[in-house]
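Below you'll find a set of structures to go through.
In the two complexes that follow, chain A is the common piece, with chain B as its partner first and chain C second.
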Partner chain A sequence: MTSVAVTGMGVVSPNGLGTQDFWSATRGGKSGIGRVTRFDPARYPAQLAGEVPGFRAEEHLPSRLLPQTDHMTRLALTAADWALADAGVRPAELPEFDMGVVTASSAGGFEFGQGELRKLWSQGSQYVSAYQSFAWFYAVNSGQISIRNGLKGPSGVLVSDQAGGLDALAQARRQIRKGTPLVVSGGVDGAICPWGWVAQLAGGRISTSNEPARAYLPFDAEARGHVPGEGGAILVLEDAETARRRGARTYGELSGYAATFDPRPGSDRAPGLRRTVELALEDAGLAPGDVDVVFADAAGLPDLDRTEAEAIGAVFGPHGVPVTAPKTMTGRLYAGAGPLDVAAALLSMNDGLIPPTVNVVPSPDYELDLVLAQPRPATLRTALVLARGQGGFNSAVVLESSGR
Partner chain B sequence: MTGRRVAVTGIGVLAPGGVGTENFWDLLSAGRTATRGITFFDPSSFRSRVAAEIDFDAEAHGLTPQETRRMDRAAQFAVVATREALTDSGIALDAHAPHRVGVTVGSAVGATMGLDQEYRVVSDGGRLDCVDHTYAVPHLYDYLVPSSFAAEVAWAVGAEGPSTVVSTGCTSGIDSVGYAVELIREGSADVMIAGSSDAPISPITMACFDAIKATTPRHDDPEHASRPFDGSRNGFVLGEGAAVFVLEELEAARRRGARVYAEIAGYATRSNAYHMTGLRPDGAEMAEAIRSALDEARIAPQDVDYINAHGSGTKQNDRHETAAFKRSLKDHAYRVPVSSIKSMVGHSLGAIGSIEIAASALAMRHNVVPPTANLHTPDPECDLDYVPLAAREWTTDTVLTVGSGFGGFQSAMVLARPERSLA
Partner chain C sequence: MSTTRTFALDDLRRILLEGAGAEEGVDLDGDILDTYFDELGYESLALLETGGRIEREYGITLDDSALTDAVTPRQLIAVVNEHITAAAEVAA
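Let's look at the complex of A and B:
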């Protein structure tokens, strides 16, 4: 079966704008979590978020795109530009049907939608923007990336809450295996606006701590929910053979994937995460002992942390594999989380360094070998990335260094 | 590839004009329309005041009071259609390991109706910038992220395999089924509950389509407002609904003696990379999707017996699509019957692609192609056989169904009889 390589990445993360800033912050344990600045959070029980720093859309995108795009779409378009440049790909020079776009979304352009809903209800229907017909919907990033870069091949958009970013990368791999040589994929997400905040609060998983270093503590006995973030990563995936022929630098290969859905609430059947890991390894043709590091979903709620720790323990044994959660520095990015973790995992493999999980004092009950506080040097040939979405979505991706 | 093929063995439909597959087919084969003046809210301040609404009582269709409270209308549709599809297929899901059964639900705009209503409350009629969380419904997060639709369907059937929402705007209903087909073919699942649902008839949706004049202002004659391919067409009629299918690996379906409506033989999607809402008149990208779907099905253009068109009834769509058929099927485009059921059930955004797959499968079952209602005087640039006004008895072994949508997505799917000889 066709091998699929990652040849480019564009990162927009709360702890760094651009791959370089992101990676140096992540290696160094530098967090991007702070008090919300995009609106005044004073009236809400939760006031912390991971916001992408220093992003001025007008420096990256033509002015005509600004009135028709949500903040997260501007971030996505910028990340896609960077990913293509990083891959050394000029789309205009390639056959247009040979390039596709598959992204994940969770809430679309929710902030844009908030503005138009406000106009609708406070002023009247005739004040609603023509751009509302597409600026908020879930497909907007795939559509805009396709248009900006002239990518006419197979496209797609997946929504499976925080698991969706990995599902999108897997769908990109599927399209490459079916014959489209290059697919731009990943997820950039965010709904840091009052309306999005209220909807996220309703989900019941947001930490109400106001201390940035204490708010999001996955696998800690004091786990109390998560901090929402914005951003993510866009990657360029290619048929590995084509990439090699054109002399592209590859970060690694996406060699395994699986997805499952948890049993109904109240069921006594086991959650699906363990099976997801096993199926992803089987898909990659690897055994648990081949995995050098796990990038955890790290929900930050006791029940969900336990489920994840048990799945990792069941597959790898107690303390059987290094586990990390660099999202403790960014918050949870919904559809952007999986792709950002994939970017981090690939950078880890290239640097021989596992980034840290910050602020966490792991509960011994979980029997995890969590990489804490300091990055850990290691030879990394294979990484496993996990992501879970609210409702019961489980996805796992296996990455291998190229030429393994 | 593994050579696994995918059969449609169960269908559930909620469409304007009647809940259930039987009512749906009665409406289509009679050429009746289900478009009407909007009743869900006072539309008097809107440019377009017509829609294709469903008279739907969730509890009468088996949803509990808590399910009804928890789910947005579109999620309710998806679950009700799922139950009909399961019953129709006669499948015993407990004969399958739960992780071999997956779910895909297509939706263009998710829980728009619930979000619109809830925003109005938490903002106190648009008055508050920092909206008031103490007035939010407990399940607002499920409206925020519409993967909740897939979760509801998975819970309804006990699925534990790969599950997701596919949201590619107005092609979601085809792409969701296409995604599910791939999962069965590659061996990630043996059974997929796949379809799509949208319930967008809400002030915010009507307002945004008003702003770009995409919907028809023909509110003095709502029953005849959806006029695909007619020279007098002036926009689409917003609809709502859902269709869900039981998809099975063909050999397994045959072994259990299942009734097979059709094989999903080919599927492809392309993008026009041109404009979020505009279409180039040449239809090149839709034509490419059609060619690719036919290739995958190993079906020649001249073997297509019926085209279920996107046929939204906007000026640009109907010409774009007509050009795409000519470009991909050459002379055969002039011989094959083409029709748009949106003339009868409106355009339910992400749902309509699946509803049209259902219409395509039923056309094969009955050897009848549904008509394009309200088509009296074709646009001279739309010069194909659009089956005006009345359904036609027609040997229908192979159907091409297409969709086109915002974001530039163009999708095509081919349904065929599995017993055909494979060239």
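Let's look at the complex of A and C:
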């Protein structure tokens, strides 16, 4: 089967704009969680978020794109530009139908949609932007990246909450295996606006703590929900052979993937996460002992943390593999989370360093070897990344360093 | 009777910029009166947004064909002014 390599990445994270800033912050345990600034959160029960710092869209994008894009689409377009440049790919020089775009989204352009719906109800339909016709769609990032870069190959969007970012990468791999040599993939997400905020609050998983260092504590006895964040990563995936032929630098290969769906609430059947891990390893042709590090989903709610700890324990044994959750520095980024963790895992493998999980005092009940406070030096050839979406989605990808 | 407002190239430039921005490499301040909108980087959706903003600002209603038939700034300016004059006559 065709091997699929990651040859470029563009990162927009609450703890760093651009891959370099993100990685130096993540290695150093620097958090990007703080009080919401994109709107006044004073009247809401949750007031913390992970917001991407220092992003001024007009410095990165032409004015033509600004009236028609949500904030998260602007971040995605910028990340895609960076990913293509990082891969050394100039789309204009390649056959346009040989390049696709597959991204993930959890909510579409919520902030844009909020603004236009407000105009609809307060001023009337003639005040609603014509661009509302697509700017709030789930598929908008795929579409805009495709148009801006002239990528006309197989494209689409995956919508499965936080699992979606990994599902998109898997769909990109499928398209490459079906013959499209290059797919721009990943996810950049975010709905830090009042409409998005109340929707998240209604979901019941948001931490209402106002202390940035105490609000999101996965695998801690004091876990109380998560902090929402914005951002993510866009990756360039290529047929590894094509990439090698053109002399591309590769970060690593996407060698395994699986997705499962949980049984209905109250069922006596087991949750799907353990099976997801086993199937992803099987897909990669690897045994549990081959895995050097796990990037956890890290829901930050006791039930979900327990399910994840039990799945990891069942496959790898108690304290059987180093586990980390750098998303403790960013909050949960929904469709952006999986691709950002994949970027972090690839950078970890290249640096021989597992980034830390911050602020957490792990509950001993979980029997996890959590990498805490300081980054841990390690030889990393294989990484497992987990992501779960609200509603029962479980996804896992296996990454391997290219220099096997 | 108040003087009727007219719609000029500078008004169109301003509304295009507000509603749809400017394409990289296109100089809206240049001589664009007879340049096709698609060459200026504006597709049908950009013109729909532009038309909506003109309607709101000038209190007129452009029929669907007005926007699709006007393929250059000169043509759009002409059709908008016709509507403004017609609306003023009705009001008078």
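Note that the second predicted complex is superposed on the first by the 403 of 404 C-alpha atoms of A that agree within 3 Å, B and C clash if a C-alpha of one lies under 4 Å from a C-alpha of the other, contacts with A are read in each partner's own complex, and residues count from 1 in each chain.
Just so we're on the same page, a contact is a pair of C-beta atoms (placed from the backbone, for glycine too) under 8 Å apart; a residue touches a chain by one contact, two chains touch by 3 or more.
Everything quoted here is computed from the prediction, not taken from an experiment.
K.L.:
A:152 in the overlay: touching chain B, chain C, both, or neither? Say first, second, both or neither.
P.N.:
So A:152 only meets chain B here.
K.L.:
Per the contact definition in the header, classify A:66: touching chain B only (first), chain C only (second), both, or neither.
P.N.:
second
K.L.:
Answer with first, second, both or neither: which of chain B and chain C does A:196 touch in the superposed model?
P.N.:
In the superposition, A:196 touches chain B alone.
K.L.:
Taking the superposition on A as described, I'd like to know which of chain B and chain C A:144 touches: first, second, both or neither.
P.N.:
first
K.L.:
After the superposition on A, what does A:275 contact: first (chain B), second (chain C), both or neither?
P.N.:
It touches chain B, and chain C stays clear.
K.L.:
Identify which of chain B and chain C touches the larger number of residues of chain A.
P.N.:
B
K.L.:
Quick one: classify A:57 as touching chain B (first), chain C (second), both or neither.
P.N.:
neither
K.L.:
Let me check the overlay on chain A: which residues of chain A are in contact with chain B and also with chain C?
P.N.:
Of chain A, residues 68, 126, 129-130, 133 contact chain B in one complex and chain C in the other.
K.L.:
Mind listing the chain B positions that touch chain A in their complex?
P.N.:
Interface residues on the chain B side: 45-46, 98-99, 102-103, 108-110, 115-116, 119-120, 122-123, 125-127, 129-133, 136-148, 150-151, 154-155, 158-169, 172, 175, 179, 182, 186, 188, 203-204, 206-212, 214, 268-277, 285, 288, 405-409.
K.L.:
Which positions of chain C touch chain A when the two form their complex?
P.N.:
Counting only chain C, the residues touching chain A are 17-24, 41, 45-46, 48-49, 52, 55-56.
K.L.:
Can you name the residues of chain A that touch chain B in the complex?
P.N.:
Residues 39-40, 43-45, 68, 96-97, 100-101, 105-108, 110, 113-114, 116-126, 128-130, 132-134, 137-140, 142-144, 146-147, 149-161, 163-164, 167, 171, 174, 191, 194-204, 258-265, 269, 272, 275, 334, 389-393 of chain A touch chain B in their complex.
K.L.:
Give every residue of chain A touching chain C within the complex, in rising order.
P.N.:
Against chain C, the touching part of chain A is residues 62-68, 126-127, 129-131, 133.
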